[in-house]
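Handing you a structure now.
Labels for the chains are A, B and C, by order of writing; each one numbers its residues from 1.
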Amino acid sequence: MLTFTLRRLSLFIFTMLLLTLLSFSLSFLFPGDSLINLSGAIYATPNQLIQLNESYQTSSNIFSQYIAYLKHILNADLGLSMASQTQISHEIVNLLPATIELSLVALFIAMLTGIPLGFIAAIKHNKPSDNIILSVSMVGYSIPVFWLGLLAILTFSINLGWLPSAGQISLLFEIKLVTGIQIIDILLSDSPYKWQAFSDATAHIILPACVIAVAPATIFIRLARTSMIEVLNTSYIRAASAKGLSFQQIIFRHAIRNALIKMIRHVGLQFANLVTIAMVTEVIFSWPGIGRWLITSINQRDYTAIQSGLLVLSCFIFVIHILTDFIYAALNPLARGNRHGS
Amino acid sequence: MNLLDIRNLSIELIHNEQSIRAVDKVSLSMKEGEVRGLVGESGSGKSLVAQAIVSVLNDKWHVHADRFHWRGIDLLRLSIPERKAILSRDIAMIFQEPMACLDPTTTIGEQLAEAIDETQLSGFFWQKKQQRLTATIKLLHKVGIKNHSACIKSYPHQLTEALCQRVMIAIALARQPILLIADEPTTAMENTNQEQIFKLLASLNQLKNMAILLISHDLENITHWTNTITVMYSGQFVEAGTTAQIFNKAMHPYTQALVDSSPMANLHLPAKSRLMTLPGSIPILQHLPIGCRLGPRCPRAQQDCVKAPSVSNFHGHKVSCHFPILQNPKLKKTKRA
Amino acid sequence: MARDKIYLEEVFPSPFMQLWLIFRRTPVAMVGFSCFIFLIILAIFAPVLAPHSPIEGQLNMPLLPPAWHIDGDVSYLLGTDELGRDMLSRLMYGTSLTFGLSFIVVIISLVVGVLIGSFSALTTGIKSSFLNHFLDVILSIPSLLLAIIIVAILGPGINNTLWAVVMVLIPQFVHITRYAVKEEFRKDYVLASRLDGASPFRILYYSIFPNIVDRIMSQATLAQSAAILDIATLGFLGLGAQIPLPEWGATLANGLDLFYIAPWTVYLPGLAILFAVVVTNLVGEGIRHALKLRKER
């Protein structure tokens, strides 16, 4: 287990360095002065400019400029946003939890719907229900997410009036900011309207989370189906049925565990896809998350914000990948790699 | 009374309106406490026959039989779940690669405990757990695994093949079967381990009077351990009889060739001379010969061999050939079986 | 006297022909394929087939509903938008923009990606491990994010969208080519060619490429559906095609303000995108299904 952790850690550090290199190079690729792109101080006085030049080491060679940039990042200084002139790190800390909340809820919904449907499709392989599930999943995979979001708003918010269409929570509620994740904050606060706030926040999160969950759910359906079909064809399932176990016992006790293990790696890899879709959905539903902020920054040509936003988002996704690797190793005895004879 | 009586078992694969007969009218019968060997090359359909008996075949195989009796009960008249219930209670099967037949994500102890019959336990459920544990340990001891605690906690990939095969036998014994079908149990092991597994099977046969159907492609190995042998070729029944009859007085050209090709029989040949074999190889499923499937390769083949031969019985020694090798040409056929 | 053939002659079609024969027998895949061809024809011949101009509108006919509505007009079959532009013509021109562009994008990134991938598969050692890690990092950044960044660098506009999506798709092709070539290299028939003394390029061209073509084709359809969605999303976000180009995503964004009074301006482009992606996915699924069946034989 130790070598596994060390290997993953080294991969993590290497990737982080590569990502920072990428975002550093962006400051030169974006139009405009590279120093201004890095720091975001478009209204700086000449004195401040001199200070900035010092701290970002613009007079020395590229390598020390890169080191200076790294130092700034490790001090949690991502510069000022060109549009709002506030510290980017503050804005990110406020916005990132909302995106995390939305993505995690969407991932959860996608797993809860996609994986059982995929298993059912595999068990009824080559029968009509299998084909129906596959066709529905193909249509779900092909729908452009912004169109789906608009249709969802039209049906559920406007025509039926069941669910709200914008924001994270109704403005009437004042919830103290603790973690930034609304649901947890509501449960932690001691406001007298706790449960109303909770139901309101839930109503706000359901529609965007479901819209985001559609495309990953279809991918999960396909993944679960493939891995379950593979598992059902193995010798040990045949041996178990010869052992006398009933079909239900075989599925629930052996097949599901093995099929889940086979596909859990891919579930983690889908998270990147999910965050992308979440970005577009945040725009449509005016969800106060990092995706919407990033897209607004791009429209406003706020290069510092774009740079830092890219860095933070990619780091976040990569951390999730590594976590999934760990979970996979924890669940799967084979991946742990200790062998001993009898 | 016969334990198992199967007559004219056929297994077909229907593929794009073509039906391929993988197993063509094979008959098999077993008595109580008998150790029968089912011998044939790979591709002869012996595993298919075994899997058809235990009913674990895929839906794509179609199984017919004229007669399928188990301990006097006619199984063809029962519905499939009833048939499966009776068969899984009395027949157990062990497979070729034991490690692949165990769930890699569950411990051995759990897999053994699953196989133990619920009805044999009694009491509240924590007592049942303890009883399951004792039953598991007893089963492991029965197959010769002395340090059971390490075995129970380990996963299949942490054990050797021979040990996994013993575990498979233990799982098979959990239901106290009357017939144990062993589908090439030792093909994936070295010779020393093979000896041990066969000895274990022989002792189980003697102590518990458990009948064993031993499937293998190695005729010579089998002859030490079996009472009777059935030979199959390319899905067809070839010959059946006691071990001595098959080995010493083979009547079918194929059986003769099998016996001739074993190392013992070739000892008398001078050095650097050709070993005795039949030319050619087993036909593939897409191009099966009509009639007797050994026809193209058989040294004694004649015009009549394009029709499928029927089974002739010479004092319990059954053979399916138009021109069997008769040691004594005046041997009278007892009855057409 | 002519002799009839007594023995059944075995015809062994090439792997590609086998694939095509199996593909032809799947009805769903053939429907998808014919729609795909239809879209390609539409993309090429849109200027000839469209009834009206997509850019100049009749300002006296704004916001007409589609022809099956009471207020609709048959000459504007799918209605008009707020500037009086005919939706049908806009959608048809949009085919050449969204669909046609995605096709070109896939071809460019396929060629470049396969070249880079096969070259990198031939190298071994530190260079290849570095490339491997680099590719992993690039592939872990979501494709839309990467496209957005590239557009942010280059500026908005449909040409830059093309380059952005090309640069996003290339790593995918590199990865899959690299993987496939490495896998084929381990097989014995390549070993036989190497023992014969064939140069790596010869091995690549004659032995390996014919065997990996089908995997690359299936990846190409996946890439195309992703490209259509990316181009449309970029258009929707205002980063891709600029007004007045009738790209489907941009048309949809255009209709957002009028969503409640003229919902067809939002429905129709969305349906067009959905149709194109479903058709591409059907073709892709057909290829993958045929690949699987061919392997089983």
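Note that in this section contacts are C-beta pairs under 8 Å (C-beta built on N, C-alpha and C of every residue); 3 or more make two chains touch, one makes a residue touch a chain.
The structure displayed is predicted, hence computed values, not measured ones.
Hopping across touching chains, the smallest step count from chain B to chain C is 2. Set side by side, A-B and A-C show the greater C-beta contact count at A-C.
Work out the mean CA point of chain B and of chain C, and you get 54 Å between them.
In this assembly, the C-alpha centroid of chain A lies 54 Å from the C-alpha centroid of chain B. A separation of 26 Å divides the Cα centre of chain A from that of chain C.
Contacts from chain B toward chain A in the complex involve residues 54, 56, 88-89, 92-93, 95, 97, 100-106, 114-115, 147, 150-151, 154-155, 157-160, 163, 168, 171-172, 175. Across the complex, chain A meets chain B through its residues 234-236, 238-245, 249, 253-254, 257-258, 261, 332-334, 339-342. Interface residues of chain C, counted against chain A in their complex, comprise 133-134, 136-137, 140-145, 148-149, 151-153, 155, 225, 229, 232-233, 236-239, 249, 252, 256, 259-260, 263, 266, 269-270, 273-274, 277-278, 281-282, 285.
Those residues of chain A lying in contact with chain C across their complex are 11, 14-15, 18-19, 26, 29-31, 138-139, 141-147, 150-151, 154, 158, 269, 272-273, 275-276, 279-280, 283, 294-295, 298-299, 301, 303, 306, 310, 313-314, 317-318, 321.
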